[in-house]
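Chain naming follows the written order as A, B, C and D, and within any one chain the residues start at number 1.
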Amino acid sequence: MNSPAGFQAAKPVLSIEGLSVSFDGFKAVDNLNLYVDRNEVHVVIGPNGAGKTTLLDLICGKTKATAGSIDFDGRELSKMREYDIVRAGVGRKFQNPSIYENLTVFENLEMSYPKGRKVFGALFFKRSAEVIARVEEVAAEIFLSELLDMQADLLSHGQKQWLEIGMLLMQDPALLMLDEPVAGMSVSERVQTAELLNRISQGRSVLVIEHDMEFVKSIAHRVTVLHQGTVLAEGSMEAVQSNPKVIEVYLGH
Amino acid sequence: MDSRLTGAKHLLPRRLTLSAAALSLMAASVFSQFAVADAANTTGLAVTDTTVTVGQLHSATGTMAISETGSIQAERLAIDQINASGGILGRQIEVIQEDGASDWPTFAEKAKKLLESDKVAAVFGCWTSASRKAVLPIFEKDNGLLYYPTFYEGLEQSKNVIYTGQEATQQILASLDWIAKEKGAKTFYLLGSDYIWPRTSMKIARKHIENVLGGKVVGEEYYPLGNTQFGSLTNKIKLKKPDVVFAAVVGGSNVAFYKQLKAAGITSDKQTLLTISVTEDEMLGIGGENMKGFYSSMKYFQTLDNPNNNKFVAEFKAKYGKDSVIGDVTQAGYLGPWLWKAAVEKAGSFDVNKVVAASPGIELTTAPEGYVKVHENHHLWSKARIAEIQADGTFTVVHESELIEPNPFPKGYQ
Amino acid sequence: MDVSLSEFGAIAIMQGFNGLSVFCVLLLMALGLAIIFGQMGVINMAHGEFLTVGAYTTYVISSLTLQYFPAMQPYYFFFAIIAAFVIAGALGWLVESLMISKLYHRPLDTLLATWGLSLVMQQAFRSIFGAREVGAEMPAWIMGSWAPSEAIDIPRNGLFVMGLTLLCTVTIFLMLYRSRWGLQVRATMQNRVMSRAVGINTKKVDRMTFALGCGVAGVAGAAFTTIGSTGPTAGSLYIVDTFLTVVFGGAASLVGTIASAFSIAQAQSLMEFFLSGSMAKVLTLSAVILILMVRPQGLFSSKVRK
Amino acid sequence: MKNAYESLLGGKQGAIGLLVLAVLILVVFPLALDSFRLSMVGKYLTYAFVAVGLVLCWGYGGILSLGQGIFFGLGGYCMAMFLKLEASDPESTKIQSTPGIPDFMDWNQITELPMMWQPFHSFSFTLLAVLAVPTLLALVIGIAMFKRRVGDVYFSIVTQAIAAILTILIIGQQGLTGGVNGITDLRTLNGWDIRDDSSKLILYFVNAALLIGCVLLGRFVLTSKLGRLLMAMRDKEERVRFSGYDVASFKIFVFCLAAAFSAIGGAMFALQVGFMSPSFVGIVPSIEMVIFAAVGGRMSLLGAVYGTLLVSFGKTYFSESFPELWLYLMGGLFIVVVMYFPNGLAGLWESHGRKWLSRFALGNKVFGQSVVKARVMSPVKVATPQPSRELETTP
């Protein structure tokens, strides 16, 4: 899944064009265009109700689009089922940390290991040395090496966020989508998370939704501002921040 | 170290002792009971010098309890009366009552218990065909003796069962003959609840109507047990305009059916209706005002006016209250212990084989329904009676047939 | 078969009325459930038993009236309906506070616990009223038929139930969509935490809603004595039909419940006319399930982002 | 080898738990009970198959089927059809108008064995059908419901409705099915009289062995990754779906497995009790089987067996001694278990039984948990009325 970096740099890994969805007449996302390049950390910001989470829902298949296309590495995601989208290389973290609280950290990570994904595969799945090695590798990356045997509900909020990111990393996705990854984190945790994101964006694209502007500044290669389901502005953090339209609806408050 | 291990250590012996204790207790009681093995009891039944044990197997709980309560009461009454008059072969009857709980496997389980653990000399019980079918193999295998009180579909004859209710032809043929003659009926609408008794009864009725009476069946329908919506049916009856509606609806459906007939304006002044499923028991729920003028065919009605019945009704009400009612099956249940007593005394033994052999030809002149006699085929000779239902819910007998020979496998009707 | 055209017309009219009447019965039974399931997400398997409570209440009041105020007999039924509502509602209140309130957020467990409750209630009926079916003596004006023409007989009990259903439905609509209480109910349903934060006593709202649903079931039970029988297990016969009606309509939609009761009743009534009763039942239930498989959220459901 | 030991027997603790059960039903009961009581236990154990299946699909999978009677019934009917054909040889049915067909068909004027019945002359086909028919139906229901994400209470209600439909169908088609009475008077299996005490004993052991086999299979499933996935799905379905799993296929699998278990129970029921009737297909028996699992502990395969035995014994005992009280007791038990002991007997055992035993028998020794399993285990918290979401020590 992990295409070599910069090989076809011209073509974005994710191209969203003319995407729309409405709920009982309310257009949550309206004729939206968005592109994510390879190895790019792309942050989407916007006020509440701008359609940010809906956008992620649409990409990962949780919500079906009314119109438009979502092209990922040459595949049309809008027609695919959720698990096929994941298998195609799109990983998504939810707004609230979504982990298996009564399993250990090790097991949480193991669950996401991309083997034994079918019924009988899961039935005869073996915890091989390869699996263990991979789990330990990811655990080191998300600062949880020491806590592998701890039950997940005993982790701190920030650690849970990391664990969920780790679960995505297990799948080695080409596109990683994170919905508010630093919500509820302490300052030092935020710094660590920024570092983590910068590290893992080597070799994959990352699409992040975030409110914390300091954090956004520290990670974003490109920022898109959503407002009422459409793109209000796009560019570097500085460019966006100085955009009067953006200031008007969002930052100016 | 491991709790499961210690669990086993501690629990096992206790379980063992407990069950062993229960077992020996059971065995002790069994042996003390079965000590007697004289001529009256050569097969190890629960008979002592002074007592004989019988079983009662009905539903005291569940949906069928409504119907079976009357049978339980009537059988008890008969047994009490027999005991008061000196018992059977000098022995008092003791009763073990089991609850079939309206559940067929429970019936089978309890029948097994009565026959194999309790070794009862006879069982009075069952109500629905399904429960009888469930216990039948057990009675045949363990060679028990069952007195079965309900009018039923026939098509059965077992060495181990005495059927004290009517089989279908007894109940149906004479009443159809009567209504055809009396009302000049040519067209019939058959309907019933959806299970074997109504279906078999209707099949017999259809053959009789078409082949013997030269009439026509203009509709035949079955509704699920418990159905309460009969609006479409009333319209169909109006559409087809049959001379007679012939009904075998049971249980809660009965009430809804007659209430809705009345609500749809189908009353006795416009429509003749003959039912084979409404006794005094059902009447309580339906209410006489909903059935006034309709006919019911049974072998027994509480209002029968003869000395036997007057005495029986008085005794029944004395025991179970003046508001209690007696339906056809209740009376048939009452016959069971008396028929058994007569057969045992004729055989001079409680042995099932001997009692069975002695049964055909047993007569009961004291039966509330008048006179019954056990046929070779283990069913009873009995009369068919047709009663008109009154607004107060009582039945007035308008026709009484001759004694009819039971014919559980009617040729030409199957 | 010699059926004249006018007779055929008359029967068509009566058959149409029959469909409507089945619809009203179904709706009346489902209304209480729709409130409880739709608004609270609680599966009340003992719903049928609350129906039976209403029916027995009617029976008791009918007997008492006959015994003590025979002159009131023609009118007792109105009083019985109110009493059925109050008693079933009060019982619902009790059940909610002792049982349901401990089980929110565990819908499957509520389902199981209320099933246990239904067993207990059935046995209680049996202990109190006996296993036999009882019949409440109906006032004469409810029974029999109304014959606007020679060939047409419209059942009066059907008309009565229809009127009652209309009354209940309108009342519930007004309560849910026009009253302050209704607003609180809907708010609580949509966001419990937020509602509590803005000062709604969500516990009280829940209790009221549940009691109301049970009370409506009681009314349905009272109405049902005009059509069917009253026995300890009478209510349990309807539970599947009633649940399917609510689910088929779309759980949170009162309009959906009405539409689904209507379509199920018409289908059933029509098929009964042309097929046999048993087959009609099988076909109707199967059709409902097939449609549910295609449209799992029911006929009427709103799409919302969750 | 080690692996099989861990996954099938659940380590030392699980193995001992299983051993206790095996000794109880294979040794203690046959020794201590007379043939009447033993065949009753045999009958109860057939219900235990359903309860074990429910632990898998309800306790772990979160799928509450209120229609397990469907599968129990279908399995039972398949077996009963074979046995009935064997009992209906032309010789013993010669008084019928059409000898050689089952008696109830004769009563319904059927003169030829219906197509549907033909293949049930073959025992091997029957064995296949016992498993395949219910499993395929479960597959169809499962695909239809889970692929469209019909879950939770909707699923429960739909399964309940299907149970109702099937009951009405069986009762309505009495020429084919024997109607309300069911298929009765089953006698021999390939010429072997199944009504003898000795053959009943053999059937009892076959039944018990099959049950233990199902428990083992259940354990294998639960200790595999699939078992963890089931629980993960129950609690965080979205997360599992967006980790690349086809959630529906796992639900379908576990639902089918539970259906197959139930079907085996049904077939063994027909063999041991000698008849099959629609009263096992409907709503009431289906919910009763849920009670068994709930009382035993919805998260414990062994608990389900004990729960079944206990509730069934209770039912028999109380309906014999206090028929009036039985429904109060059963209803009350259900309410109390669901509200206060959602983990049932197994939960009580974990929280109190063990402690009690340790104080009683082992004094100050500390209980350890097998090291390998430590990653899956956690103590069961019974203090909270919420059903414990943890994986049990001995599933």
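Here, a contact is a pair of C-beta atoms (placed from the backbone, for glycine too) under 8 Å apart; a residue touches a chain by one contact, two chains touch by 3 or more.
Chains and their UniProt names: A = Urea ABC transporter ATP-binding protein UrtD; B = Urea ABC transporter substrate-binding protein; C = Urea ABC transporter permease subunit UrtB; D = Urea ABC transporter permease subunit UrtC.
Small disclaimer: the values here were computed from a predicted structure and weren't measured.
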- [ ] Starting from the Cα centroid of chain B, hunt down the chain whose centroid lies farthest away.
- [x] A
TODO: Consider the two chain pairs A-D and C-D; indicate the one with the greater count of contacting C-beta pairs.
DONE: C-D
Task: Distance from the mean Cα position of chain D to that of chain C, given in whole angstrom - done: 34
Open item on the list: Centroid of chain A to centroid of chain D, CA atoms only: how many Å?
Closed with: 43
TODO: Take the average of all CA coordinates in chain A, do the same for chain C, and state the distance between these two points in whole angstrom.
DONE: 48
Open item on the list: Centroid from C-alpha atoms only, then distance chain B to chain D, rounded to Å. What do you get?
Closed with: 35
Task: Multi-partner residues of chain A (each touching 2 or more other chains) - done: none
Open item on the list: Quick check: what residues of chain C touch more than one other chain, meaning two or more?
Closed with: 126, 278, 281
- [ ] Could you list the positions in chain D whose residues touch two or more of the other chains?
- [x] 168, 171-172, 324, 326-327
Task: Residues of chain D defined as touching chain B within the complex - done: 12-13, 16-17, 19-20, 23-24, 28, 31-36, 39-40, 43, 95, 97, 103-104, 106-109, 168, 171-172, 174, 179-182, 184-187, 195, 273-275, 277, 279-280, 316, 319-320, 323-324, 326-327, 353-354, 357-358, 360-362, 365, 367-368, 394
Task: Residues of chain C touching chain D in the complex - done: 43, 99, 102-103, 106-109, 111-113, 115-124, 126-127, 240, 243-244, 247, 278-279, 281-282, 285-286, 288-289, 292-294, 296
Task: Contacting residues of chain D [partner chain A, same complex] - done: 220-221, 224-226, 228-229, 231-232, 235-236, 238-247, 249-250, 253, 374-376, 378, 389-391
Task: Complex interface listing, chain B residues touching chain C - done: 61, 63, 65-66, 69, 194, 218, 221-224, 226-229, 231-236, 238-240, 252, 254-256, 259-260, 262-266, 281, 284-287, 289-290
Open item on the list: Under the definition above, what is the set of chain C residues touching chain B in their complex?
Closed with: 1, 3, 7-8, 11, 14-15, 17-19, 21-22, 25, 126, 131-135, 137-138, 143-145, 147, 153, 155-158, 226-231, 233-234, 237, 268-270, 272-273, 276-278, 280-281
